[in-house]
Structure formats: C-alpha cells, structure tokens
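So that you can tell them apart, the chains are marked A, B and C in the order they are listed, and the count of residues begins at 1 in each.
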Amino acid sequence: MTGLLDPWTLFDVIDVVGVFIGAFTATLVARRLRYDITGMWALALVAGLGGGLIRDLCLQVGPPLALTEPAYLPTVAIATIAGATYGGKVDHTWKSIVFLDSLALITFAVAGSLRTLQYDYGIWATALLGVITAVGGGVLRDVLSGETPMIFRRAELYALAALGASVAMIMLDLLDQPRGSIALAGYTVGLFLRFGSLRWGWMSWAPRAPEERSRG
Amino acid sequence: MTGLLDPWTLFDVIDVVGVFIGAFTATLVARRLRYDITGMWALALVAGLGGGLIRDLCLQVGPPLALTEPAYLPTVAIATIAGATYGGKVDHTWKSIVFLDSLALITFAVAGSLRTLQYDYGIWATALLGVITAVGGGVLRDVLSGETPMIFRRAELYALAALGASVAMIMLDLLDQPRGSIALAGYTVGLFLRFGSLRWGWMSWAPRAPEERSRG
Amino acid sequence: MTGLLDPWTLFDVIDVVGVFIGAFTATLVARRLRYDITGMWALALVAGLGGGLIRDLCLQVGPPLALTEPAYLPTVAIATIAGATYGGKVDHTWKSIVFLDSLALITFAVAGSLRTLQYDYGIWATALLGVITAVGGGVLRDVLSGETPMIFRRAELYALAALGASVAMIMLDLLDQPRGSIALAGYTVGLFLRFGSLRWGWMSWAPRAPEERSRG
C-alpha cells in the first residue's frame, strides 16, 4: 500500500509543496533585486532545495534527495516560470514575501521532521534537523542575496515557530500516532505560532542593549 | 594504462588547473580588499577547493578530495604566492578578475561533470553537481568577502554557461564518446557561452520590476 | 579506563568548553545587533556547533557530533541564558568579543585537531580540519550577521594561530606523545600566537595595493 498516508508518500507530497513555495518566494526576492532569469532560477534552486540538502548531508543516509528526487527539477522550473511571468502581480509589498516565506518555513519544518523521524536519531537531532530544514533555504537565500536572514529579524517568532512544529510532531510520534496526524499537528502548531506572531505581534523577548540600559 | 586520457588522470589535470585559476583569482579579489597574506591564503583555499568540497559532500563517496588530494596544498600555496608577488601587475581592473573567474568557472564545470559522470547518479544530479562545482568556489569567495556573487549579476550568462558545458558533456557521455572528447566539448561550449556573452552582451532575460511596468 | 586523559574524554571536555565560549561570544554579537532571544539562540547554536559540523561532514565517519552529542543542547542553552542575562555586564566594547572569540578559536583548533588525529587522514587533512573547526563557527556567525569575518580582518594572526596550534599537535603526535601533552602544546602555541599578535601587533604581511604602489 502506498496511499497518501504512507510515510514516504506523505513526506514526498509535503516536501514538494515546500520546495514549490520556497522557490516561488525566492523568485519574488529575485525580482525585487532585479536579477535576470538565471539568477532568479539559481536563487529559487537554493531556497527550494538548500534546507533539505543541509539536512540530508547531516543525516548521512546516502546521496541527498536534492540529487536523486526527480520531482525537484520540474517543481523549481515551474516555480521560476510562475515567478518570472506572474510574479509582478503579487510582489507589490514585502508583506507577500513574508507571508509566502512563512508558509514555506512551516511546510519545510513538517517535511524535515517527518523525514528525520523515519530514522532513529533521537529527540534532539530530530528537532534540530526540523529547524535546519525549515530555515536553511531561506537563510541561504538571504545570505546569497545580501539580506539580513529573517531568522534574525526582531519582533516575530520564526525559528521558534518551526521548533514548535517539530516538537509537537516528536511528541505525537512518541505517542505512536499515525503519520497523518503527526503532520497535521505540526502544521497547526507551526502556522498558529508563525501567523499568530505576525498578526498579534507576539514578540520573542529581547535583552535591552547596554546603551539603552545606561540611558534608561 | 594511466595516460592523460585515462578518466581519472584527465579529471586530476583539469581539476588542479581549475584550483590554481580559482585560487589565483581569489588572491586578486583579496588584494582589492587589502587582505593580509593569511586572509589572501584563506580566500584562495575557499575559492579553489570550495566548489569541489560541496560536490563531494553531496556525492557521498567517502572523504572529499579536498582532504585527500596531495596536489591541492602546493597548488593553492603557489597560487597565493603568485598572487601576492605578481598580482599587482595584473590587477589593474575588475575586468581581469572577471576574465580569470570565467576560466575557473568553466574549468570547474568540466571537472565537476567529469567526476560525477564516473558515478551513476543520472542526468539531473550530474548537471546540478557540474554547476555546483563551477559556481561553488566563487560564490563562497564572494559571500565571505561581502561581494554580490557573480552568479546574481545581470547581463551575462554565468550559471547558464556552466550548465551548457555540463549538458554538452552529459549528451556526449550518453553517446559513449571517449572522456577526452567529452571534456573538450564541455570546454568549448562553456567558454563559448561565457566569453560570447561577455563579448557580445548576450543577456539572460530579466523580468521588468513592477515599478518599471507601472511607469512604462 | 576512561580518565580525563583518555583520548575521547579529553576531546569531549575541550570540545564542550569551546562550544560554550563560542556560543557565549555569539550572544554578545547578537546583543550588539539587538537580536531577540531566538535570534541570539540561533546565532549561538551556529557559532557553537558550526565549525564542528563542517568538520564532521568532511570526515564522513557517520552522523556529525552536532546531532548526537547530548551535552551540546544544554551547553548552548546555558551559554544563551548567560549571554541574555549577564551579557550586558561584559559587552561594553568590541574588545571583549575579540578576546572571547580568540579563546574559542584556539579551543576549537585543539578540539578539531584532536578529533581528526583519531582517524588516519594524514597531515594535510588534519591541519585543514583543525583550522576549519577553529574558524568555521565564527565565520558562519559573521556571515549570517552581516559582519566581515574576523579571519579577513587585517593586522592580527587569526587562521595562522589556529594553524600553528594544529601543526604543533600533529608534530607531537608524530613523536607519539600522549594526548594530554598534545592538547597542551596546541593550546600553548595557539594562545601565544593569537594573544601575542593582539598584544604586540604582530602583523601578517599584506601586499601593497596597486594604487598605493603607483602613488608611492
């Protein structure tokens, strides 16, 4: 049986959705920076496959999926074409980039945790690889294009939302829940934390800088 | 028989030439940024070995060549000494950096594709690893030294030229051509695309930014 | 026997000390840049575990320690809490960051060389991985936070100090000295080179830029 709830099929579907959203988000960033079509494609490739590539290099279970998964090339190609042709209609504000980046963030957190749960690496490694998969593509995208990575921007939950998704999934896995419920729980917790923080301004605490303190 | 056209010998020769050109180019960048001799050596090491290191980590066929190939240390050392002593005579313009970087780009594309063709990873992986080997060292060099990676600069074929070299080699490999012809074809196509685009201004297409469109 | 001078125990102790200092240093950098607590934790994680992660990916001897070592999570957590609560008392100048970064640099050089010496990768690989472990976390920290990596700042020995530590250790290992002496020699040479260059201004040589020469 290889239905949608079969562990690997479920991972594949969520993973490809993440790759598409991550790659498409990168094309919007590339438009803002006036990259040409190759630069746009390169940034889409990095953002779509980068997080999973770092995760798979860490997992050390053979060649990374980025090299062996046949669905990635057409997925990134379609995302790049979509971004190049229709990107002008959605890219009016930075807001849409943050929105799509958030969707990719949580989708990659769920995909990365699902994949790592297939191996027995323990709680710490699973949580860490879930977060690395989630933030990796976006961090590479921002470092390569000279932006401050979103993970370091203040006033929103970012890596914490990915960590929340991963921890929720690890807990349900310890309770032997089916993969479908695990993925659903990860999505719910992650999207709630990320979009809740964007909507209601939940801030992660920041220590006051020394100058502020001395002035205060 | 281990003549020059033996697969591994051919790869070794082309690879070391690429490492030398890539490392020497990095010393010119380091001069512009007024790095001292250690910074220059570090940047040469990263630019010379970085692309191949990422490729080998992805290939997962044992320790990367960067650690085990005895020719790399003297090659990078000679390139650094050459760049430190004679670099002042060639580094009058950004143009010479772009010229040498282009030679390294295509040399690495040929070397990376040759090496990946030795393993059976399929077309997609071979093309991707060819491009990663080609652009990896230069991207790391530019990110570490705070420049915009050349891959994202407009108005020239860069990653596309490396991809062209890789695709030409994959096609000749499918036709069971000898390694020497495969390497020659990769060089010819890659250098033609890269230097043709520099000379005649072949541009890769860039979508107009939304603001331009609304103004137009 | 698993006393303190047992090879692995010695490595573990030095390694965790390096992770703590590297992570704590990153929290000071994060304070300067006004990151919130998650950004601070992320930067601490990258700086504490990044160098060892790259080293282990290159070693190809199974999953990297960053995923399997249970002491890392609490170490980075304590360093982050210490940086968030007491960081304001030490972070008055850039000087304290450079001081702590130097301690982490040499500690990681010793740990990385000790770990690589356990495997038979030869002199070149051991020296290279010692330096990569030493500078990796700091370089990733600086690239992600948009600073110029310390390795490229002029007027001090940085990578050369790490290399000195590594070479001293390789030489004593060739002479079959016990691990304790090897580690001590690495620390002594490395700290002497790094702090000597900070104190007495030993500069690594820098070639004059072409413009300076033409003006001179």
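By our rule, a contact is a pair of C-beta atoms (placed from the backbone, for glycine too) under 8 Å apart; a residue touches a chain by one contact, two chains touch by 3 or more.
Note that the coordinates shown come from a computational prediction; the quantities given were computed from them, not determined experimentally.
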Touch-network distance, chain B to chain C, counted in steps: 1
Interface sides of chain A and chain C: same vs different residues, half threshold: different
Cα-superposition angle relating the copies chain B and chain A, to nearest 5°: 120
Cα-centroid distance, chain A relative to chain C, in whole angstrom: 29
Chain B: positions in contact with at least two other chains: 57, 60, 143
Complex contact set, residues of chain C against chain A: 31-43, 53, 57, 60, 62-64, 66-68, 70, 72-73, 84-85, 87-88, 91-92, 143-146
In the complex, chain C residues that touch chain B: 57-60, 121-122, 124-125, 128-129, 135, 139, 143, 148-149, 151-155, 157-160, 203-210, 213
